[in-house]
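Labels A, B and C are assigned to the chains in the order they are written; within every chain, residues are numbered from 1.
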Amino acid sequence: MAVGLTLIFGVMRVVNFAHGDMMVWGMYLAFVLATRAGVDPYLSFVVCAAALFGLGVVVQRGLVDRIVDAPHEMQILLMLGVALVLENVALLVFGPEPARVRSPLGQLTWELGPLYVDVARLVTFAVAIVLTLALWLFLFRTELGRLIRASADNHYGALVIGADVRRIYATAFGIGAACVGAAGALVSPILPFQPVTGLALSVTSFNIVIIGGMGSLVGAFIGGLLVSVAESLGAVFLRPSLKELFSFSLLIVILLFRPAGLFGKRQP
Amino acid sequence: MTALLTVDGLSRRFGGVQAVKDLSFSVGEGEVVGLIGPNGAGKTTAFALISGFLAPDAGAVRFRGRDLRGLKPHQVNALGLARTFQIMRPFSRLSVVRNVMIATLGRHPAPAEAERRARAILDELGLGARAQTPAGSLTLAERKRLELARALGTEPVLLLLDEVMSGLNAAETERMVELVRAINRRGVAILLIEHVMRAVMSLAQRIVVLNYGERIAEGRPEAVAADRRVIEAYLGDEEVTSAPA
Amino acid sequence: MKALAAAGAVAVLLALPLVLSGYAITIFILIFFYAYLAQAWNILGGYAGQLSAGHAAFVGIGGYTSALLFERGVTPWFGMFVGAALAAGLGAVIGYLGFRFGLRGFYFVLLTVAFAEICRILASNVEAVGGAIGLYITFTGDPRHFQFRDPRAYYYIALALMLLATGVAALLERRRLGIYLTAIREDETACEALGVDTFKYKMLAMVVSSFLTGLAGTFYAFQNFSLQPGAVFGIPLSVEILIRPIIGGAGTLLGPVLGSFILTPLAEVSRQYFGQGGLHGAHLVVYGVLLVAVVLFLPQGAYPFLRRLFQRGAA
C-alpha cells in the first residue's frame, strides 16, 4: 500500500491524497466480487489490482498529467478533489455502514506452539511480500522498470533519451493504484471498512512513506513494517478509540523530525 | 581602506564533498571584487555561506565588524548585505514594481513610500515601463535587471552578484556592466561571481580565484589572467566565455 | 466607482430581510457565515499560500470554549473572545511547529489535518467536554446570551461578520503584511534574501486567521445550540471552509465571498434534493468535481476569471 504511494510520489512528485480512498474502492470491489460472484478475495485481488490500475491510468492521463508542472498547491487540491469524489461516490453507491468480506480462509487459525496465528493475516502478509518482491524485480530488472526509475531520478534526462515520459507516468501511477487495489482486496476480510475509512488509510500510508522516506521503495517497505508494529503495540496498550489519536500524533512527530525519512531522497 | 567584509577560514562540506575549504579573503568599502573559478569551484556555496543561507562547518564571516554566525538571511540583509541568485527567483505572479517593493518595504514600511522608491530604482535600471507587468512575463535580460533592482531595494552596502551576466548578448552585457559600475560609483561595494571574463576584467579591481573550494590566486585582473595556476584550472573547463565580440 | 458599487451591495444586503422568506434568510445566514470562514482561511491559505485542511479545529475550539463558559455563567459575548484567543493559541502552536521545522506545502497540510483530527478525537473521548454526544446549549432566547428568537438577528450578525472579515482582508492587502504574504506565497527563499522575516509574517497570518475562525465557533454554537465533535472538528467542515475561497479565488478579496455565494446555495439544494432520496454526501461529490475542474481550468478561481471577462466586455 505504501509502496504504491511512494512510487507515485517518487516518479512524479505528486502526492496522491486520494490513495486511501482508492484503496477503499479496492475493498469495495472485492466485496462486490465476493458477494455477487462468490470469488474469494485472496484470488480476486488480481482483478482488483487490474481494475485500479485502469483507474490510476485514467486519473493520471486525464487529470494529473495536466498539472505536473503546476505549483504544488494545485496538485494537492486536485488530488483532494479526486479523493472527495471517490469517497462520496462510494458513500452514495454503497452506503455508510461498515462492510466486511467473508472468506473461508478468514475463519481458520493455526496453532503454533502457544500462539494462535490468524491464517488470513498470514496469507495477506505472504502475498504482500511476494507482490513487493515482484514489484522490486520489475523496477530493477526490466526495461520499463528501469525507465520508470530513471524518470524518477531525472525528469529531463529521461526526456532527452526519448522516453515517452507521459506513458511512463501513466504506468507508474497505474501500478501505484494497482498496489493499492490489491492491498484493499487482501485486507478486506480482516478490516471492516466504510467510505470514510479512506482518510485513515491515507494517513497511515503517509505515515509509512514519510518514515521510510518519500521516493524510496525499500523505505516504504521497512516503514510499513515499523508503523504496523508501532500501531499494534499502541492498540495493545491504549483504548481502541485512541488508536487513531496515536497514529495522528505519530504523524506529527514524524513530520517534525524526519520529513526526509530514513531512506528518503528528496523533498517535495 | 577598512575591510567591509572579512571571510576567514571558511569551510563547508556536503556529504563527501568539500565544497569550500579554508577560504579567506576580504572586500573593502566601495571595492569591486571578482570571484571566479571553474564550474563547481564553490563560488555560489561561498555566497550562500556569507549571506546566511548556509551555516559553515568552520571559519567566520565578519561584516561591518559584526560576526554573522547564526544569523538568518533576512537578518544579514538588514545589516546591509544583499545577494542575487544564479537561478533567478522572481515573484512571477506579482507585478515588477511589487517585486521591488518587497525589498523596499524593509526600510520603508509605508507602502506608498516603498512604491515610490521602487519605481525610482526601476527607472534607473530601465524597467520603468514594465512596472505593472507580471514578473513572470519578462525577458531574460529584464529579469536579470529585476534581480538587481530587488537587491538594490534593500539599500545594501555590499552587493553579492551571482552571474548577473550569464545568458545575455553583447549589448545587454555592456548595459549591465554600465549599471553595475554606476551602482559602485554610488559607494556600494560589489562581490561578483562571473564567467563572462570581459565583464569581470573591466569591472573588478581585484580578483579572487577559486578551484575545488580553495583560493588558488588573488590579485589585480591582469596579474590573475596571466597566472599559470589559474590558466591550468580553467583548461579543464569549457564554461569560460567571453561574450561574443 | 468601486466604493459606490460596494456600498450599494451592502445596502441591498441590509434591506433583504424585509422581503425574504424564513427559509431564504437561513440560506443567507449560511452564505455569510461560510463567507466569513472562507475569508478568515483566505488570509492564511490564499494570501500566504499556506494551505490548511484543519481549520475546523479552530471553529471547534472557539465553539466549545464559549459553550463551556456559558454553562458556568459567562456570557458568550465575552466567551467568544476567549474561545478565539484559545483558537489563536492552537494556531500559534501549529504555526510554530510547522514553520520552525520548515514544513511546507503537502507536509503542512498533513500537520493541520493531524491536529484537527486529534482535537476531534479528544473531544469525542473526554467526557468532561461532552464526549461523543457533544455539548448542548440551553435555550434562553436572551440576546445577552447570544441567543435570538428572530432569525433576522442572526442574519445581521452573520452579515456583520462577513463584512468584518472582508474588511480585515482589505486592510491587510494594502499594508506591508499583506504584500509580504503574497510574495511569501511565491518564493520564501527570495523573500528571506530581501530581508523579510518569513517566519514572523507567516505566524501573524496564522494567528489572525485562527483567531477570526475561532470567533465563528461561537456563532455556530449559539445558532445551532449544539456542538458535535465530528461536525465541528471534522474534515467535512474543514473542506467546506477551504473550498469556497479556492473555487471563488484564493488570495483575492472577493473570491471567498463569491465562492460562498456560489457554493452554499448549491450545497443546500443538492442536500435537499439528494438527501431526500437517502443519498448523503452528494454535494461533496459536486465539491470534488468542482475542485478538480477549477484546478484544471480556472486555477485562480472564479472571481479573477469573471473580473477579466467584465474588463474585456467593458473595453
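In this section, a contact is a pair of C-beta atoms (placed from the backbone, for glycine too) under 8 Å apart; a residue touches a chain by one contact, two chains touch by 3 or more.
Bear in mind that the values here come from a model prediction, so they are computed numbers and not experimental data.
Asker: Which contact partners do subunit B and subunit C have in common?
Answerer: Common neighbours, subunit B/subunit C: none found.
Asker: Looking only at C-beta pair counts, which chain-chain interface has the most contacts?
Answerer: A-C
Asker: Measuring centre to centre with C-alpha atoms, which chain is farthest from subunit B?
Answerer: Result for max centroid distance from subunit B is chain A.
Asker: Where the centre of all protein Cα atoms falls, which chain's Cα centre is nearest to that point?
Answerer: The chain sitting closest to the overall C-alpha centre is C.
Asker: Per the centroid of Cα atoms for each chain, what is the distance between subunit B and subunit C, given in Å?
Answerer: Their C-alpha centroids are separated by 44 Å.
Asker: Measure off the straight-line distance from the CA centroid of subunit A to the CA centroid of subunit C, and report it in whole Å.
Answerer: 32
Asker: Please work out the Cα centroid separation of subunit A and subunit B, and write it as a whole number of Å.
Answerer: Each chain's C-alpha centroid was found; their separation is 47 Å.
Asker: Could you list, by residue number, the parts of subunit C that touch subunit A in their complex?
Answerer: 49, 51, 53, 97, 101-103, 105-107, 109-111, 113-115, 117-118, 121-122, 124-125, 235, 239, 246, 279-282, 284-285, 287-292, 294-296, 299
Asker: In their complex, what parts of subunit A are in touch with subunit C?
Answerer: 15, 63, 66-67, 70, 72-74, 76-78, 80-89, 91-92, 96, 195, 199, 203, 206, 239, 241-242, 244-245, 248-249, 251-252, 255-257, 259, 268
Asker: With touch defined as at the start, can you tell me which subunit B residues reach subunit C in the complex?
Answerer: Touch residues, subunit B against subunit C: 51, 53, 72-75, 77-78, 82-83, 85, 89-94, 98-99, 101-103, 105-106, 109-111, 114, 150-151, 153-154.
Asker: For a test of understanding, state which residues of subunit C touch subunit B in their complex under the given definition.
Answerer: Those residues of subunit C that touch subunit B are 174-176, 179-180, 182-183, 186-187, 189-198.
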